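Each of the two complexes below includes chain A, the first together with chain B, the second together with chain C.
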Partner chain A sequence: MQTYIIKRLLFLIPVLFVVSVIVFSIIHLIPGDPATVLLGTEAADPGLLTRLKSSLGLDKPLHIQYALWLGRVLKGDLGRSVRTGEPVLKLILQRFPFTLELAIYALFLAVVVAIPMGTMAATTSSKVVDIAFQTMTLFGLSTPAFWSGTMFILLFSVHLGWFPIVNFPPFAAAPLKNLQGFFLPALTVAIPNAAAMARMARAAVLEVSQQEYVKAARAKGLPEKIVVFKHILKNAMVPIITLVGIIAGYLLGGTIIVEQVFAIPGLGRLSVESVIQRDYPLLQAVVLFVTVGFVIVNLIVDLLYVFLNPKIRYG
Partner chain B sequence: MDEALTHEERVFRTGARRLLRGLLRNKKGLGGAALLLAIFSIAFSAPLIAPYDPTTMHPAERFSAPTSKFLLGTDFYGRDILSRIIYGYRTSLYIALSSVMLAVLLGGSLGVLAGYFHRLETPIMRAMDVLFAFPVLLLAITIVVILGPGSLSTILAIGIVYTPIFARIARAPALAVKEEDYIEAARALGASDWRVIARHILPNAAIPIFVQATIELAAAVIFESSLSFLGLGTQPPQPSLGLMVSEGRGYLELSPYATVFPGAAIALAVLGFNLLGDALQDLLNPQLRGRRGG
Partner chain C sequence: MRSNRFRVVLGLITVLALALLLGGPQLQGQGPKRGGTLEIGITQQILNLDPHVATAFSSFRVMEHIYEGLLRYDNELNLQPALAESWTVSPDGKVYTFKLRSGVKFHDGSTLTAEDVKYSFERILNPDTKSPQRSRLELIEQIEIINPLEVRITLKEPFAPFLETMALAPGIGIVPKDFEAKVGDPKVKTLGTGPFKLVEFGPDFVRLARHGEYWQEGLPYLDGLLIRQIPDPATLRAALRTGEVDLIFGFGVDVTAAGAFAGLGNFEVISLPELSYSLLGIQNQRAAFQDVRVRRALSLAIDRQQLIEIVYFGRAAVGGPLPPAVAKWEPLPPSALPNYTPDIDRAKQLLKEAGHEELSFKIMPIPTVPDALKIAQVIQEQLKAVGITAEIESVDFATFLQRWRESDFDTFVSLNSGFTEPDLHLYRHVFSQGTTNVFKFNDPETDRLLQEGRTTLDFEKRVQIYKELQIRLADQVPFLFLAYADIFAIKRSDVKGFALLPTQSIVSVRETWLDR
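The block that comes next holds the complex of A and B.
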């Protein structure tokens, strides 16, 4: 297992290297001269343009430019916003808590609903429950988040007035108001993920139920509750927790649409704003930040998988 | 005639026939196929069945509720929502099908090459791992920003994002088949690598790729409409279902129809692909189907 962890950590280096090359290239791949792109509307001033080119090293060969950029990134300097002139890392760190809370809240809602639902669907013999489960998960997977979110706003905020629109006070200042404000967005993010999780839970529980030791547990007359909780669910948890981890990683970059629908000032909305305002250094930094976070979460999930499942031996 | 077929080609034919027969007996599969048939027919015959031109404005009848004249009502510009949905289906299905086809061709080829030619395996599969390292929507947004918004960029963005999925699926059968003794024998008899790939590996990879493609089509429809919703996909005035939801949101309290109906139309198409994909997957992995075995 140690070898696997070391191997997995070493593999992170080339992945992060290539990711950094791709992210660095964004500014160069966008049509137009990078300095003009960076300056935005101020690019009309030729003096400013030349000064920026030499200060950023844009007059140097590409590989030197990359090395300079990477050096700055490693020191925590992800560049400055074209629009506000502020360091982009500061903007990212301001917005990140919103995305993080949305992701954690959504993951919590999804897990609480999906795992009992999936287990019930796998262990019941009721045809009605099975049909209800299939229908609910299919609809959960088939409804686009931007539409279900909009429908929730229309029904629960506009018509019933149960939830405020665009109200996200910090959790520490007003915990209840915060949880209320984030409820509909978190629910919207949770639905398709809960559907996927519930299906995985059902499949995992079904698979474990067919194992000999479960049959043996039933044959020796153990109560059904003990069979389900101690023998089935405990063993079915490995694939379920893995999927929860994968979804957790995905949510870091997967809340863009819902943040846009509910006007949550998170990282996803920041990335869309950077595109609309042609603030490409900001887009570049958000892509780098989220991707590195995504890679690290995925690594943790992989390691967790090995930890949870000692039967697996990685070479 | 059967003598001329390779073992894999025969397995493919039997597998495909079994899949089709199974599908005809599967309620989910039949439901999905029927739903998709209806949606594809609507999209295909859009100019014949749409009551109005999707871009024609009726300024006097803005925000009309559903009436006999406008079956699903009209939007902010007085455009007929039903006609825009019918044409919107065309755009959505065209982009979803093209992008998944691109991913199948690109990912499938790369996967087969990686599985078959040992020296290509590491560079190709590591490149796929790097693509997997990016969050999908953010990667797609970045590609669209570089290429400029529009239908073609959307197809390329979704196609590239889904490429690694198909590369992984196509690599497995290539790896498995190339080790077989009869492949060695075929090569010794002078069969070229390309012939081995075409006649032994592709038939083996075709069914899992097809099943995965059906599942990814559902995701591609959502993906396309999400990009359009953000203003990065299909550009106005071309009708797009995601764009319609996005435009309608501005007038939600005045008239919900411009948002409710296009969204429901997307969900129906996605449901069709999901039903079909589910049924195909059940048929391919029968152990996950059915009820508790113990």
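The block that comes next holds the complex of A and C.
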């Protein structure tokens, strides 16, 4: 097990290397550069641009720029943002808590609703419940966040006044206010993901229900509750957890649209801003950070399989 | 004894009650209340707070409370003394002597001297600062310190808008000597003389606090200022509705937003004509556009009034070369400008004469200005009537900037910031060597008028020169001045003493107070 984890973590190194090369190439292939963006439409004076470019090291050949960047990263220096001049790590760590909390909150809401819903839909014999389930999840999946988010704000914040709109105090300082402030964005993120999870849960539970051992459990007269929770759900959890893991990985990269609508200064907005402004060091660092997060979440998911299904072993 | 005391107390209560009844309301209405924090919402990201380097609109809206210039504009855009108490100009218009206000304190408690002024201008002029403001001060030949409160600036040649330039804070703002050594990184740390000082620069907000030793007695009224970015315009409006911010303005606060708040009791909509203008930039060196007849045909084919109705719901003025809002420079009405009255037949005829009956080209709208795409779409439709096929080319911001800078476009739609003074308003865009003449416009007559305009000191003569220039520009069509739109700010009714300037500046918050 330990060797497996170490192996997986070592595998991060080539992944990060490849990702950094790809991001570096793509962002340099598209037109525009940070110096041009810094000057905006205020001055088209070419001398000014040349000086700015050379001060940012943008006048060097691409492979040299990459080598210099890599050299600094290996020494633990992710560089400074071109736009604000601040260390990129500081900017990322400033924003990561918002993204992390939003991800956890949304996942929690999604899981709490989706798994019981999916299980119920799979085990019910009522056509009406099943159709209602299908309709609701379809609706959840197809509602875009920019619409539902705005509607939630209008309904729950403006008209009903239940939730603040742009108030995100740190959890440690004011836990209740914090949970209240994050509720609408978390709900907006949770809805499409809950719909996906619920559908997955329904399918998985249905599939497991067909297994011989479930029939055996029922045949031996076990109460339905025990059949569902102990025998079906535990085994159905493997594909559900996989999906939850993938969703968690995505959410940790930041939810751009929801962050935009709810004015949350998270990683998603930071990455979009860094692309728009061609803030190369910042973009590189954000992508690496998100990659590490994604790989670690996946590792955790893989380890969870062991607990759910004793047949899975990592050597 | 007891009843006596009772009587005294009763008497006191009566007097107090009377005072409250009679004097109370009067006292309350008697002027600004102190304290409180004004919370302002904008859609754009606040990036860089170095006054001499930053270019973003949002940065300016923060820095203008921190840094001041020698002069300033009042709410009616008249020049007023700021850090300079008075000044004299030599008869040849080349030597300016500024007498500084005494006892002006920076936020660190140090006192403003002539050395700081010299240092500030030299910092802007130093190529290593890479300041986009540099070209504004390039005519400075020498800066001399006469005494700690007097500084003399000698220009290479007379430059009529020099005093106006001195009011372009925070871009031409005064920082203390050895600024960078003192603050560390001026992009995120500040040190100015303004009414507010920086307290916190967060990921999406800036918190400012009252400068206790501000030179203008009693100002500011507010204890603090919080400017936060709410990127989505709908959320921005909702936050004002729920009272989470007190004031919103800038991109995203437009005619539609104003309409949404117009009927609501607790809010006030402020709107006024802007100095900035939307334009259709034309690359004058492209084969078809080298011919002035084609450029004139474009101007005749585009119905600016219709464009204003569609894009701005009528809340804009048809734009000539000078902003209609600044009457003293006598901006000419569209009817007095050549090629401004839409005329499809004449446009077609001009295109035919020029041999470009089947003209087709691309329009590149700037992605950061929400109306630019709509403008491009309206123009695309209007040009069909004269047989021109225009294709809209959407690019991202960095791509736009690079292509703008390299004049790699047929046409583009964007917004040019405007100024009260005609030289500042026009020179850098239309002078053949102008720093933002990406249009590659080159007209010796325009150059001559611009040069004459900036070296002539007599106001009346200048008005005549610029009248001639307006007609010349409308005739030569370096690019199309389209519209000067109205700008909006929406605030809660208990925010008092606030004014939006036609430059979109909100420096008036130093006189703003909260009636709470």
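Here, the second predicted complex is superposed on the first by the 241 of 315 C-alpha atoms of A that agree within 3 Å, B and C clash if a C-alpha of one lies under 4 Å from a C-alpha of the other, contacts with A are read in each partner's own complex, and residues count from 1 in each chain.
Throughout what follows, a residue touches a chain if its C-beta (ideal position, glycine included) is under 8 Å from a C-beta of that chain, and two chains touch if they have at least 3 such contacts.
Please read all numbers here as calculations on a predicted model, not as lab measurements.
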Partner chain(s) touched by A:Asp33 [first = chain B, second = chain C, both, neither]: second
First, second, both or neither for A:Gly76, with chain B first and chain C second: neither
Contacts of A:Thr150 with chain B and chain C, given as first, second, both or neither: both
Which of chain B and chain C A:Tyr250 touches, first, second, both or neither: first
Touched partner set for A:Asp130, first chain B, second chain C, both or neither: first
First (chain B), second (chain C), both or neither touched by A:Pro61: neither
Contacts of A:Ala263 with chain B and chain C, given as first, second, both or neither: second
Which superposed partner A:Asn167 touches (first chain B, second chain C, both, neither): second
Touched partner set for A:Leu141, first chain B, second chain C, both or neither: first
Overlap of the chain B and chain C footprints on chain A, listed as residue numbers: 30-31, 150, 153-154, 158, 260-261, 276
In the complex with chain A, residue positions of chain B that touch it: 28, 126-127, 129-130, 133-138, 141-142, 145-146, 148, 218, 222, 225-226, 229-232, 242, 245-246, 249, 252-253, 256, 259-260, 263-264, 266-267, 270-271, 274-275, 278, 287-288, 291-294
Of chain A, residues touching chain C in the complex: 30-33, 36-45, 47-49, 51-52, 55, 83-86, 91, 94-95, 150, 153-154, 157-158, 161, 164-167, 260-263, 265, 269-270, 273, 276-278
Contact set on chain C toward chain A in their complex: 41, 45, 47-48, 53, 55-56, 127-128, 130, 132-135, 185, 187-188, 202-204, 228-232, 234-235, 238-239, 241-242, 244-245, 395-405, 414, 416, 435-438
Chain B partner contacts - residues on chain A that touch it in the complex: 14-15, 18-19, 22, 26, 29-31, 122-123, 125, 130, 134, 138-139, 141-148, 150-151, 153-154, 158, 203, 206-207, 209-210, 214-215, 218, 250, 252-254, 256-257, 260-261, 271-272, 275-276, 280, 283, 286-287, 290-291, 294-295, 298
